[in-house]
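Two complexes, one shared chain (chain A), two partners (chain B, chain C).
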Partner chain A sequence: MSGTEETVLLTTAAFDARFPNTNQTKHCWQNYVDYYKCISARGEEFAPCKQFFKAYHALCPNEWISKWDEQREEGTNPSNFSV
Partner chain B sequence: MGFGIFLKANPALAPLFLFAGGGCAAAVAYPLYLLRTHPEIQLDKKNNPYPWQHIKQHQNIKFINATPDFYAGRKLLERPSY
Partner chain C sequence: MTAAHAAKKSFWNIWYKTEIIPIYITVGGACGLAGWYLTRLARGPEVVWDRKSNPYPWQNIDQDTQVKLMTVNQKFEKTYSRDRF
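On to the complex of A and B.
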């Protein structure tokens, strides 16, 4: 065992008063849409957008993320990603 | 007319009609109230498509709140914005 220990910070999506109930579907969707709106408004390198990215990766089932990503690439995603 | 006469003949039944009538009124009024205030119901798709966005981070939308300090402490939180 090495002498140095790194502390790993584990976080998940923070509490959002807009979605206080067990059903977090809309929370997941809202973060997904907000991330892509953030990207299109501020560019991919804008650091605060990462908060939305981490939130939707924590909340959304991976199948939904890949389905929405495919739809986005095809242009068939019904959500509005423009600010 | 017939109801008034019936009630005068049986005054002991008045509380029954009071509470049952109140319950019926509540059964009508509560859904209408929800239509107006619930954050997940979209009524006006054009002007208010996302009603849940109006909820502030220090606002509690549930009926019972066992930890009011939690919400009070969120008054200074800023919404991550882009």
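On to the complex of A and C.
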């Protein structure tokens, strides 16, 4: 045990009534899209956008995140990221 | 029976037989249940009926809404019902 008093708070994406079932695919996608919509509407420094960021990093497989990021860079991501 | 008399058998004479009423009840009940469940599935939040004006029906769900048929150890204030296509 170290001498410091720091506690680490571990959280994951909260329950979302829109996606109550075991299949969380759409929850993952919705958070990804909402994060980039939030960023484009409010800027990257807007703190509440972080909630979407943490949620999609918890829910989505990393391969999906990197694939979607590549698509976004190329402009081929079919999702609409504008508000 | 004369031919004319036999030809006068009505719809009810043919189809209303006391002994097959249980079959009517059972099959009618089954069709009713199937129809109810199909309607429930069609009204679910994941089904998109109108792509132009309601492309994301799940976005209209409040956070205190129950979407599932049955929940265990969870309390929600209201159940989901779909009021638009």
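Keep this in mind: the second predicted complex is superposed on the first by the 81 of 83 C-alpha atoms of A that agree within 3 Å, B and C clash if a C-alpha of one lies under 4 Å from a C-alpha of the other, contacts with A are read in each partner's own complex, and residues count from 1 in each chain.
Here is the rule we go by: a residue touches a chain if its C-beta (ideal position, glycine included) is under 8 Å from a C-beta of that chain, and two chains touch if they have at least 3 such contacts.
Here the structure is a predicted model, which is why all the values come from computation and not from measurement.
When the two complexes are overlaid on their common chain A, residue A:52 makes contact with chain B while staying clear of chain C. Once chain A of one complex is fitted onto chain A of the other, the partner contacts of A:83 are limited to chain B, with no touch recorded for chain C. In the overlay built on the shared chain, the residue A:19 is in contact with chain B and with chain C.
Looking at the superposed arrangement, the partner reaching more residues of chain A, out of chain B and chain C, is B. By the touch criterion defined above, A:37 reaches chain B but does not reach chain C. Within chain A, the residues touched by chain B in the first complex and by chain C in the second are 16-21, 26. Here chain C touches chain A in the complex through residues 45-46, 58-59, 61-68, 76, going by the rule given at the top.
Those residues of chain B lying in contact with chain A across their complex are 39-40, 52-53, 55-62, 71, 74, 80, 82. Of all the residues in chain A, the ones that touch chain C in their complex are 16-21, 26. By the touch criterion given at the top, residues 16-21, 26, 30, 34, 37-38, 41-42, 46, 48-49, 51-52, 83 of chain A touch chain B in their complex.
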